[in-house]
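Presented sequentially are two complexes of chain A, the first with chain B as partner and the second with chain C.
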Partner chain A sequence: MSKVIGRRLLLTIPLLFFVSLIVFALAQLVPGDPAVTIAGEQATAARIEEIREKLGINDSTLVQYGRLVGGLVQGDLGTSLYSEQKVTDALFTALPITLSLAGLALLFVIVVGIPFGLLAGTRPGSLLDRILTAVAALGVAAPGYWVGILLIIVFGLGLGWFPTGLYVPFGESPTRWLYHLILPAFALSLAGIVEVTRQLRSSMRDAMTADYVRTARAKGLRQRTVVLKHALKNAAVPLVTVLGLQVNVLLGGAIALELVFGFSGVGALAVRAVQNRDIPVIQGIVLLSVVVVSLSNLLVDLAYGWLNPKVRAQ
Partner chain B sequence: MQHHGRNHPDHGRRFRRLLALLAVLTVVAAACGSSGDSTEVGADSNGSATEATTADGAEAPAGPAADLPAFAEGAAQPGGTYGGTLRIAHWFPPLSLDPHTGSSGADHQVLYSLYDRLVHFEYETLEFVPGLATSWEFPDPQTLVLNLQEGVVFHDGTPFNAEAVAFNVDRVQNHPNTKIPADLESVESVEVIDDLTVQLNLNKPDSGLVGVLSDRAGMMVSPTAAKAAAEVQLDATPVGTGPFKMVEYAAGERLLLEKNEDYWQEGLPYADGIEWIFTGDEQAGLNGLRAGDIDIALTVRDGAQIQALSSDPAVKVITSPSLNTDGCYINDERPPWDDVRVRKAFSMAIDRKTLADVLTFGQAEEAYLPVPPQHWSSSPDMVGVNGYDLEQAKALLAESGHDGMTFTMMSYQNPLQVRKAELLQEAVAKAGFNMELEVLELAASVPAMFTDFQYDMFCAPWTGRPDPHQTVTNMLGSTGYYSLREGDRAGIDALVAAAVATDDLEQRAAAYADLWDVAIGQEALWIPLWHNSSVTVTSDKVGGYNLNLLGKGQPQFAWIEE
Partner chain C sequence: MSEPPLLEVTDLDVDFATDHGWERVVNHVSFTVDRGETLGLVGESGSGKSVTCMALTALIPMPPGRVAGGSVRLEGRELIGMPAAELEQVRGAEVANIFQEPMTSLNPAFTVGEQIAEMVRRHKGLSRRAARGRAVEMLDRVGIPNASRRAEEYPHQFSGGMRQRVMIAMAVSCEPKLLIADEPTTALDVTIQAQVLDLLRDMQAELGMSVVFITHDLGVVAHSCDHVVVLYGGRVMEEAPIDELYFRPAHPYTEGLLTAMPQIGPRAGRLASIPGSTPVPSSLPAGCVFNPRCPYVVERCREGEIPLVEVGPGHRSRCVRVSELNLVGTS
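Up next is the complex of A and B:
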């Protein structure tokens, strides 16, 4: 098992280099001169040249890419063009916010989506199933940020039950942290809940008509045992795929919701960096995304192995 | 017997991963694309999306705004309540807390709580009043003597004195990362006369220097801290003499300040602390305000939003006229724009009042100058000059022989800016201009116009400067970044210099009247469109919040009632 993990982690490295190459190439294509921007409106030509020298823009493209990779190897993503803040510091300030949001949303997806899927899948055609299917269709159609705005209007401004956003660090107050996260995390999780419900419903329907379920029933096992122990474990393989994908979708969706709720997470950082053309920060965010997506894919694959011995053998 | 379903794990997994990555990137892109409306750049930004400005939104009805208290900053106000923490939402996080190495116009409102300036100003008129300098005089036009406040200490205990001023002047001029060296370019040398007197020797008459010292260049940082800081920058470790000191800072997210108990101004500040919350989006701050999680939401720019909030009894909408003025920069070195008749025809083709009404929900004020009528350097004679007159515009353009001419105006990604450009396009077409529109990404726009001279015209808000000298040298003088001229024109450089040859405000105002007449009236080198106002929304419990004509509000002396 550890060999598999090791090999997968090693495979992430060439991927990172590949992505860094693409990001670097894109940055080269962006018109304009960062030195002019940094120097400011009062700068002399000599000053701009000095900054170009300092940033290494005068070096050949190959040397510049080499510098990026060299920094990458040492875990150094460079410094923001606008403040002297290290990109890694900026990411570490922003990341807990995004992870809190996406993490809580994932929890919602699991604790709401799985029971819904089980209920609908074990009683196909029932009233409950039909209601859940209808709600699911709505959920798929409604984008998270739009739901977020509705939640703010209804539960934040209208009823006043929840704060309308503004992140509170966990270290300051865990209860307020949770309280402030509930609305955005719920808005973010909605599409995931629907996805998980639909996926689990369909695979549970298949599983419930399978031979081994009939056998289990024939043995006189309770419905509960049949569903949770036999059917669910088999139906869970596609579910894990969906959950793995959800991690990525949640991290992406968190960006839009961060803006709606005024959280200064990775999303807000990304938007600001793009608007300012702060290339080192943009590079850092893209590379961080690659790492997070790779890790979540790795976890999904490990879960397959755990659920399915045949995959393990491969 | 085991049934694995149709989704064998290896099937299409790679493809899905790719899809997932694409999903992430798409959302990033979507988020970026849609956020244009939350960013405003002043044309005086250096292309870094920095000079985030105040309203493109609304303008108070003519005359001083009812909510604007008639105080100079720093004066304790009757009825203030002590205690509590002000929670302030700011949609644009500061890029740096170092006043000399940062350049973002959106940073000021945060910097004011941390740093005092040598010179402060009256809120309504921007006339200069004592700050860390108790008084100043020009014994001759090339010498400025500053007398300093006694007994002031920086947050780290370093005494504020003439040596500290000399250190700061040097830092502004020579720090390797200074963004504002030109602000003090007229200062040749600094002499410490005694502990509380400092003399600036100038290389040319420059009475505009006083105003400059009310801006970034006059913000005094602790010499001890500046020498000790990593890279000698105070981006994240600000140490000034201001009413608040830093407690904790998560860059881009939150800044916690506590009251400076040793503050030199009697009875100030009122609040025990300030919690700055950087939201990245103005709507989030307003939501927090209405939900009671925020006391002050800075700089609201959405006209529709302002209208809606005005009817909410739980909030106060504070509006003030500001220096922020929309106008058009013309590349007048390039034919046919070198012909003054073409420039005037363009100006006269624009019905400023109607366009401003449509764009800002009827609240902006038509402009004929780069400074608003409330400012001391404004000239009433200029009202209506080169104003809307379609027949005259057509006639002038025909006379110049360029009827039907095609040119490109550049604008930047922002719904309001693009809308403005489209309305202008329609308006000037009636006079015979065939205007093509190119929309650039925000950060690319300013360098494309002013560094690479790629376009004929760029219409954008000018955020203004405390002293008009900074505005006119930038915008009209032959060396200014935002002036597109290679050399002097019509003796404008001399007129610019004449306006700072004396420190008498009346004489200066008269000199500016001459300059406006030539540069804006006769030469039409910059086409003023309309004056914007700045708007801040607070809860009904906040008192003493000061917006000012500069458009950069000062929350540091506000208080919370109860």
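Up next is the complex of A and C:
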């Protein structure tokens, strides 16, 4: 098992270099000149040239990429073109906020979506199933940022039950951390809850009519055991796929909700970096995303092995 | 007063919901199974034999299925309408099932040892460790080599015949009074079939259980059963002790089934078959349900409900012409 994990982690290293090459190439293709933006509108040609020299933009493409890779090897992602802050520092400040938001949303997806999917899937055609299906259709149609704004208007400004912004670090106060995160995390989780409910509903429907479920019932097992042990373990394979994809979706969706709720997480950092053409920061964020997505894929694959003995054998 | 038979099924009706309302797939089926006895339930696909047996312990999917009437008594206790929690205690512990498809009837996500052990834990209240020991013991008893190691393996690591052995080990692990074997050998190679049938017979002798053997294969019936019930279109057509049925069949359908059995030896020639196919529940003919395929059909076969009549000791037939016909059995 640890051998598999080790090999997979080693494989992400060449992946990171490949992605860094693509990000670097894309940055080269983007029109415009960061030096002009930094220097401001009234800057002289000499001033712009000076900034270019400082940023290293005048060097050949190869030298610039070499510098990027050299930094990467040492764990150095460079310095922001604007704030002069180290990219790694900027990421480490922003990351806990985004992880808190996406993590809490993922928790909502799991604790709400799975019971809903189980209820609908074990009673197909029932009133409950039809209500959940209808609500799910609404959930798909409503984008997270729109729900976020709606929640702010109703529960934040209208009823005044929840704060409408300001991130409180977990270390400072876990309860206030949660209190401030509930609205954005709920808005972010909605689409995922719907996706998980629908997926689990259909895979549970299939599993409940399988021969092995009939066997489990014939053995006199309790209905609870039949559903939660025999049917769910088989129905969980597509569920895990969806959850793995949700990690990516939640991280992407966090960008919009961080802006709506005024959190300065990775998403907000990314938006600012793109607007300012702050290439080192963009590179850092993309590479960080690669690491996070690779890790979630690894977890999904490990879960497959646990759920499906045939996969493990290979 | 004499002890009630182990299983007494009386006038069992089972319906399935369709687009045109309820359709009756099992119609007033009655039979009894005595202690230690093996009953054969014979019929073509669609005759209602599997549904009948699954309805006994409410294993048919409900909905779309429903038990519309009748009674199923196990040692005098009524199973129809029994609360779900109570019925769970009967399933596996008193009435166990073996299904036709060994490939899909075991859960692919759990080891075979666990699948046996969880049942023993449930019904016998054994500890995890003791239940595992029992699982290995059962696997060993059904002739699986290296039982202790094999118990840790998953169903996909077993062949079809071995999986059916696992199913048998599981079914008898709680020493049920009644084993319902639904075409347990149909999906297996011919060479493996005999082994599995022998194993079932040995297990039955060891544990003294009764067996209901569902099959379309009269050869299997001859090998295993004491008593036979022939089903057609959801109705009992004939019921007889095994020798009676083979040598003195009292229903044209039974005769057809017997003639359709492949013969070896001087008589072997073209295989006989019954023309036509089993009726669908939605368009059953009036009168005797077998009349469209019956070579002896006359006008009165096409009207009214045909009664099941006694033609000998323990021998009943649902044919109006039974006394006039001279039906041929096996010789």
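Convention: the second predicted complex is superposed on the first by the 298 of 314 C-alpha atoms of A that agree within 3 Å, B and C clash if a C-alpha of one lies under 4 Å from a C-alpha of the other, contacts with A are read in each partner's own complex, and residues count from 1 in each chain.
Going forward, a contact is a pair of C-beta atoms (placed from the backbone, for glycine too) under 8 Å apart; a residue touches a chain by one contact, two chains touch by 3 or more.
In this text, all values refer to a predicted model and were calculated from it rather than measured experimentally.
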{"item": "Touched partner set for A:Arg217, first chain B, second chain C, both or neither", "value": "second"}
{"item": "Which of chain B and chain C A:Gly252 touches, first, second, both or neither", "value": "first"}
{"item": "First, second, both or neither for A:Pro238, with chain B first and chain C second", "value": "first"}
{"item": "Chain B versus chain C as contact partner of A:Asn308, first or second or both or neither", "value": "both"}
{"item": "Contacts of A:His230 with chain B and chain C, given as first, second, both or neither", "value": "second"}
{"item": "First (chain B), second (chain C), both or neither touched by A:Arg130", "value": "neither"}
{"item": "Greater residue coverage of chain A in the superposed arrangement, chain B or chain C", "value": "B"}
{"item": "Partner chain(s) touched by A:Arg67 [first = chain B, second = chain C, both, neither]", "value": "neither"}
{"item": "Footprint overlap on chain A, comparing chain B with chain C", "value": "210-212, 234, 308, 310"}
{"item": "Chain B contact footprint on chain A (complex, rising order)", "value": "31-33, 36-43, 81-85, 89-90, 93-94, 97, 152, 156-157, 160, 163-167, 169, 203, 206-207, 210-212, 234-235, 237-238, 241, 245, 248-249, 251-253, 255-256, 258-264, 267-272, 274-277, 285, 289-290, 293, 297, 301, 304, 308, 310-311"}
{"item": "Residues of chain C that touch chain A when the two form their complex", "value": "57, 59, 61, 84, 88-93, 96-97, 99, 101, 104-111, 118-119, 122-123, 154, 156, 167, 170"}
{"item": "Touch list for chain B against partner chain A, complex", "value": "1-7, 9, 13, 16-17, 19-21, 23-28, 30-32, 34-35, 38-39, 44-50, 89, 93, 95-96, 101-104, 177, 179-183, 230-231, 233, 235-236, 250-254, 277-281, 283-285, 287-288, 290-291, 293-294, 441-444, 447-448, 451, 474, 481-482"}
{"item": "Chain C-facing residues of chain A, complex", "value": "209-212, 214-223, 225, 230, 233-234, 307-310"}
